[in-house]
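A, B, C and D label the chains in the order they appear, each numbered from 1.
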Amino acid sequence: MAAVYPLIFAALLFSVGVYGLLSRRHAVLVLMSIELMLAAVTVNLVTFWAIAGDALLTGQVFALFVMAIGAAEIGVGLAIIMLIYRNRASVNIDDADLMKY
Amino acid sequence: MSVPEVVMLATGVVGGAAALLVVTSRNVVHSALYLVVALLAVAGVFLVLGAEFVAWAQVLVYVGAVVVLLLFGLMLTRAPIGPTGQGNELGKAMPLAVALAVFAGLVALIVTSYGGEVIALEHVPPAALGEVLYVAWALPFMTLGFLLTLALIGAVVIARREEGEGPLPEPDPDEPEAAEASPPDSSSWPQRQPEPTPDEREVSA
Amino acid sequence: MTDLASDPTTVDLFALAPELSVVVAALLILLVELALTGERKRYVNLIGLVGVVAALAFTVALWADIGDGARAAFGNAFVVDAYALLFKGLFLSVALFVLLLSYRYFSEFRTYQGEYYVLLLGSFVGMMLMVSARDLVMLFVALELVSIPGFVMAGLRKFDLRSNEGALKFFVMGVLSAAILLFGMSVVYGVTGTTDLAGIAVALETGERLPLLLAAVLFVIVGFGFKISAVPFHFWAPDTYQGSPVPVTAFLSVASKAAGFAGLLQVTFVAFAPLADVWAPVLGVLAILTMSLGNLLALQQTNVVRLLAYSSIAHAGYMLVPFGVATATDAALNSDAFRAVLIYLIAYAVMNSGAFAAVTAVTRSQPSRLVADYAGLGRRSPGLAAALSIFLLSLGGVPPLVGIWAKFFVFSVAVEAGTAFGLVLAAAVVLNTVVAMFYYLAVVRTMWMDEPTVEEPVAPGKALGFAVGGLAVLTVVLFLGIGVFTDVAGVSTLVASG
Amino acid sequence: MSSVAWLIPALPAASAVVIVALGRKMPVGGAEIGILSLATAFVLSLVLAVEVFGANVAATTSGVGEAFLHTARVELAPIGAGDSLFAGIRIDGLTVMMFLLVTFVSLMVHVYSLGYLHGDERFTWYYAVLSFFSAAMLLLVVSDNLMLLLVGWELVGVSSFLLIGFWWELKANSDAAIKAFLTTKLGDVGLVVGVVALWGQFGTFDIAAITAMVGDGVQAGGAPLDTGLLSFALIAFVLGVVGKSAQFPLHTWLPDAMAGPTPVSALIHAATMVTAGVFLVARLYPLYSAAPAAQATLAVIGAITLLMAGLLALVQEDIKKVLAYSTVSQLGYMVAALAFSYTAGIFHLFTHGFFKALLFLGAGSIIHAAHSNNLRDMGGLAKVMPTTFATFLVGTLALMAVPPLAGFWSKDEILVEAAAAGGYTGSLVLVVGALGGALTVLYMTRVLYLTFAGSFRGEGHPHESPRSMTGPLVALAVPAALIGLVNLPVEAFQPYAFSAWTMFSLEYWQTHPIAFEPAIAAVAVGLALAGFLAGWALYRALPLGDDDPARRLGPVSTVLAEKYYLDRLWTDLVTRTIVRDTAAPAAVTLNDEVIDRAVAGAGRATVATGRRVYDDVDQRGIDGVLHGLATSTWWSGARLRLSQSGNVQLYAGAMLTGVVVLAIVFAVGEVS
C-alpha cells in the first residue's frame, strides 16, 4: 500500500486541527482541535512503524503513549475551562485577555 | 488498487470530512459527534495498517472516554447547546491561510520524501505489543502511570468548586497593573458572593 | 535501542535513586496531608525538603560512583552520566529553593497545599528523568511530566482571573507545541527507524536528507522553543508568569526553562548533530530575535514580575547563541558551545531564583508587584535591597558577579566560531547587554534613590530570608567558583561527542 | 616591600567595611578610619615608590637589567580551556605612580570632606563609599590580569554611581548618576569585548603574558600574531576608554556628573576614575605600539576631544562645569599623547591629577563660601579667601601650562612627541594641542576674573573655608607647582627622572629620550599668551551690544570697570612669569590698542564658536543622539509590546506563523 495515503490523511487532520485551534472561540472546540492534531500524530507514528517495521514496535508504543497523554491533557484542560467558566461565566477563549502588553 | 488501499482511501475521506465538520460546525454538540466519526476513522486506519491493539485502544480511550468527557464539559459549562458565534478576533482568513500553508507544505514534503514508498502490511497481535511494552518500554510506561496520577490530582484540584468561588468583579481594563487579588483567608470567604448575579452572567455570556 | 530489551529483569535501583526518593516524598505528602489538619498541613513542606535533600545525597553518591563513566538502566533509555547528574543537581537545588519559597506563601494560601507539593515534586521528577533520557519516547513522556503539573500549578490561584487565564494560555500553547513536537518526532522516527538519540545521529550521518526530515527537525525545535519561551513561541510566558503564584513563576522561569534547554541540548547536540548546519542558523536567528524582543519589551514594563518575565525571555536568547554557532564537524567548538549553555543555565538559575525570591518577599507586604513599590526599599530593608541589586546587576552581567561568566562564555564561543554569523551573534549579545542594563538599573535606582511610599520594612520570614541571603552569597561566590562547573561541563561533553 | 603591596588596595577596602560596621559609633562618624587607612596606604606607597623607582633608576644608570616588575598571584578557579582565574598583583613603575597619585589625592579628599560634608546626615555612608571607591581604583591599577582589572573597573563604576548620586533627593543628581553609569557602561561593553577578544587571541588574561607574546610576535598556540585581530581588540578597548575617560563622543556624562559633592569630583573626575581609561592604554602600551591603527584612533579621538571640550569650557556658567570640560580636554591630551609616547601620556596624567584635584577642591571651597556654583554669583573673592585664591591661582597656572609649573612640562612633552612622530596624526595633535593650550588659558582667565576679581555679586558674606579644607589645598598646591620638575628634559637628569621611574622596559626608555624643543615651547607659550590677552581684552572691554556672543555674562560688565584684580593679575602673571621668561617685548607691543581689539575680536569669535558647538553639536547633536537612541529603543519596544495582545489564539497563530516562516528560512538555507 502506498505510504502517502495515511501520511496525507495525518497531514490533513493536523492542518484541520490548526485551523480549528486558531478560528474557534469556544474553548472546548479548541480542545477538540488539539485532539485532532494529536490523532494526526498517532496516525503518523503507526504509519512509520508500518514502514520501518522495527522489532520494538516503537511507533505503536509511542502512539499509545500519545493517546494516554492526550487524555491526561484533555482532563486538565477541561478542568481549567470549567474553572474559568465558574469565575467569569464564559467559555469564549478570546475573553481571556486580562493580561497583555 | 488493492483492497486495503480502497479501505484506507474511504476511511481517509470520511475521517477528513468529519474533521473538517468538527471545526466548522456551528453547533458544538455536533462538533463533538463529528469528532467521534473522525476518531473512529483514525482507528480504521490503524486497523488497515495492522496495529490492532492501538486501534481498539483508540476506540476505547478516545471515542469511549475522551469524547464523553468533552460532552460532559460542554454540559457542565452550560454553554448554549446549539449554534454559537463562529468568529473570533482573528477572523477566518488568517487561520485559513496558516492551515493551508501547513497542509500544502506537509503534503509537498510527504510526496517528495515518501512518494514511492510502499508499505508491506503486517498484522501485529496485541500479545506482541504487550511483550515489548512491559519490557523494553517499562520505564516510560511507569512514568506515564505517575503522570496520569498527577494529571488526575491536578484536574481535581482545578475543577473542584471552592466555597465562595464565583465571578470576581471585572477589574478595570484600563488598569492592567492593578493589584492582584490577594489570597483568600478564611475570614473573607463568607463575604464573597457565592453566585454571580444574573446580570453579570448575561453580560459576560 | 537494541540493547534495550537485553536484561529487563534487573533494574538498577541505585541509578534511579534520586528520582525514586522524590517520588516517594510526593506520595508520602499525599498520604500524610490527609492526616494533618489546619495549620499543621504546612509541615508537608518538610517531607518535600527531606525527599529533595535525600535525592541530592543520592546524586552526589552517584557522582562519586560513576567517575568518568556512566550507569545505564532500562537499556539506553535511562543514562546516568556527568551531564545528567549536573542537571539533576541543578534541578534539585532549584527544587529546594522553590520549597523554601513556597513554605509561607502556600501556608497562608491554605488550599491544596499537599496537592501543590505533589505536583511540584512530580514536575521535578519529570525534569530529572528527562536529562537521563536518551530516547525520544522517554524524552517526550518526561517533558509532559514536567508540563502538565505546570499547567495546574499556574492556575492554583483559583479565585484570581489572571491566574486562570495564565493557566489557560499556558495550557493551550503547551499542548499545541506538544502536538507540533510530536509531529516532528514521529517523522524523525519514520526517517531513521529509531527513537534512540545516538541511533538517530548514526542514521542521519549515513542516510539521505529527506526534505520532510528537515521540517521535522524544525518542528522538534519549535516544541522545545515553547518550553524555553523563545520568540515567537514566547507569548504565553509573560501572561502566565504574571498570573501564577510567585513561587510557581520562579519554578517556571528557572527550572522548567532549564529543563527545556536540557531537552534541546540533547536532541540538537546528540541526535541532530549531523544536521547542525541546518538547525544552527535557525536557532541563531531565534537567539537574536529572542534577546532583542525580550529586552525591548522588558523596558516597557511597570510590573516587576512581567519585567522579570521578559528579562527571562531575553536570557533564553543569550542561551540560544551557542546553538547558533554549532557545526556538524568541529567537535571542539561544539563542546565549547555546549559548555557555554550549561554555565549560562547554572548562573541564570542562581541569579534569577534570587531575583524571584526577593520579589516574593516584597510581594508579601505589597501585593501589587509594581516597580514603584520598590521605591526606597534601600531604606526600608537595606539587606533585601542589596540582595536584589546584586541579582539584578548579575543578570545585567556586571562583574564581580556570576552573571559575567554566563555572558563571557556565550560571547567567547560566538567569537571563537570565527564566522560572520558568529560575529553578528556576538554583536547582538553586546548590544542587548547594554539595553538590558537600562531596566535592571531602573529598578536598582528606584530601590535606592526614590522616596519610599510606605515606611515599614519587608519581613521575608526565615525560610525566604535564608533563600535570598544564600543566593546572594552564591551569586558573588560563584564568580570565583565557576571553575567547578567549567570542568564538569567539560566532562559532560561526552554527551556531545555521542 | 612589594610583596605586601596588596595591602594598599586592601586597607581602604577593609576601612569601607569597618566604617559601615562601626562608623556611626565613632567620634567623627567613621571619617577617622578612612583617613587613617588612606594615610597608611599613602605611606606604604611612598615606601614602595622608593623601592621601585630606586630599582628602575639603578637599571637606567647602569644601563643593564630590566624595569622593575613584581607579580604575585593566587589561583582562584580554573575557568576551562586551560586558563584559570587569578587574583594577582603587578607592581611596576606605572602601578606605583598611580598608587602615589590615587592615595595622595584620596587622602586629601578624605581630609577635605571633613569640613565640606560636616553635618551631612549620610556622613558615615559617604566615607564608606569614598574608601570603597579608593579601594576599587587601587585594585584596578594593581591587577595583573584583565579580568581582575575589569572587576576593578566595574567596581569603580558602581561606587562612582553611588558618589555622584550621593544627594539623590534631587532628581538632577540621581539622573546624572544614572547617566554617568550608563554612558560609561556603554564604554564598558567595548572593554568586555576587548578582554574577550584578547582572551580568544592569546588564551590568557595575564597582561604580562600577552605583552610578552606580542613582543615575540606570536599568539595562542604559537601561531604568528594576527595584527588585524589585535587592532580589533585594542580599538574595542578604546571604546572603553572613550566611555570611562569621557572622550568624544561619550563625554557628556562628565559635566552632568558635577552634581555630586565637589570633593567627589576632585577625586573621581580629576585624578582617578576618569584616568582609568588612560591608565588602561598605558598598561597595554606595548600592545598599542604593535597596532598602528589603534594608535591613530587614539590620536584622532584625543585631538577632537581636547579641542571641542576646550571650546565648551569657555561658555559654562557653572564653575564646576568649566573644570569638568577642562578635565575632558586634558584627558584628550593624555589619550592623544599615548598615541605617540608612553611617558608623555602618563606624565600628563600624573601632573594633571594633582593640579586638577587642587582646582576642584578650590572650587569646592569657593562654592562653600559663595553658596552657588554659578560664576555670576561670585566675584571679589580674592580678598576674603586669600588661601583659596593663592592655591587656586597655582592650580590655574599649572593648568595653563605656565613654566615652570607642573602642567607646562607635561603638556610641552606631548607636543614635542607629537612633532617628533610627525605624519598626519602627529601634525594634527601638535596643531590642535597648541591651539587647545591657548583655549585653556582663555577659559581659565575667565574663571579667575569672574571669581576673584571685582566685587562679590552673590548673597551673603563669604568667608574663608575651615582648616580641614584649606589644609589639603595647600598640600596639593605644592605638587601642583613643583611636580613637573621630576621629569626635567635635561639629558643628564634623564636616568633619575620620571621617565626612568615609570618605564615599562629599559629598551623603551633608552630609545625614547625626553626631548625639549625650544621652538615648540616658544610657540606654545606664545599661543598661551595670545589666549590670555584675548581673555583679558574680552572681559575688560566687553561691550553690551546685542550681538555680543558673551552677553549672557551680562552682570560681568557691571564689574568690568573695577579691574583692580585683573590688573594685578595681569601684572603678576605677565611680569613674574611669562614676560620675564620668554616674551617680554612681545607682550608690551601687543598691549597696543589695535592689536588689543583684534585679539578681543578673535577671543569673541572663539567664544561664539564655543557657544555654537555647545548648543548645536554637544547639547542638540551628541546628547540628542544619545537621548534619541534611548528614545527609539523605547519606542520600538512600545510598538512591539502591542504584539502581546492577551489573546491566546493570536499567540498560537504567531507560533504557527513562526513555524511556517522558519520553514521558509530552512528551505532557503538548504537550497543555498
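Basically, contacts are C-beta pairs under 8 Å (C-beta built on N, C-alpha and C of every residue); 3 or more make two chains touch, one makes a residue touch a chain.
In this text the structure is predicted, and so the values were computed from the model without any measurement.
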More contacting C-beta pairs: B-C or C-D? The answer is C-D
Which chain has its C-alpha centroid at the greatest distance from the C-alpha centroid of chain A? D
If you average the CA atoms of chain B and of chain C, how far apart do the two points sit, in angstrom? 28
How many Å are there between the centre of chain C and the centre of chain D, using C-alpha atoms for each centre? 44
Centre distance in Å when chain A and chain D are each reduced to the mean of their C-alpha atoms: 65
Could you tell me the distance, in whole angstrom, between the mean C-alpha positions of chain B and chain D? 68
Counting only residues that touch at least 2 other chains, which ones in chain B make the list? 88-90, 94-95, 98, 102, 105-106, 110, 114, 132, 136-137, 140, 144, 147, 151, 154-158, 165, 168, 171
Do you know which chain C residues sit against two or more other chains? 1, 4-5, 137, 141, 144, 148, 151-152, 155, 158-159, 161-162, 167-169, 172, 176, 211, 215, 238-239, 300
Which parts of chain D, given as residue numbers and ranges, touch two or more other chains? 641, 644, 646-650, 652-653, 656-657, 659, 663
Pick one for the touching-chains graph, please: line, ring, star, complete, other. complete
With touch defined as at the start, can you tell me which chain B residues reach chain A in the complex? 2, 4-5, 8-9, 12, 15-16, 19-20, 22-23, 28, 31-32, 35, 38-39, 42, 45-46, 48-51, 53-54, 57-58, 61-62, 65-66, 69-70, 72-74, 76-79, 84-90, 92, 94-96, 98-100, 102-103, 106-107, 110-111, 114-115, 117-122, 124, 128-129, 132-133, 136-137, 140-141, 144, 147-148, 151-152, 154-159, 161, 165-168, 171, 173, 176, 196, 200-201, 204-205
So in the complex, which bits of chain D are touching chain C? 76-81, 84-85, 147, 150-151, 154-155, 158, 165, 168, 174, 177-178, 181-182, 185-186, 189, 192-193, 196-197, 199-200, 630, 633-634, 636-638, 640-641, 643-644, 646, 648-652, 654-659, 662-663, 665-667, 669-670
Help me check something: in the complex, which residues belonging to chain C touch chain A? 1, 4-5, 136-137, 140-141, 144, 148, 151-152, 155, 158-159, 161-162, 164-169, 171-172, 175-176, 178-179, 182-183, 185-187, 189-190, 193-195, 238-239, 242-243, 300
Across the complex, what residues on chain D touch chain A? 641-642, 644-649, 652-653, 656
Which residues of chain C touch chain B in their complex? 1, 4-5, 8, 23, 30, 73-75, 77-78, 108-112, 115, 118-119, 122, 125-126, 129, 135, 137-138, 141-142, 144-145, 148-149, 151-152, 155-162, 167, 191, 210-213, 215, 302-303, 367-370
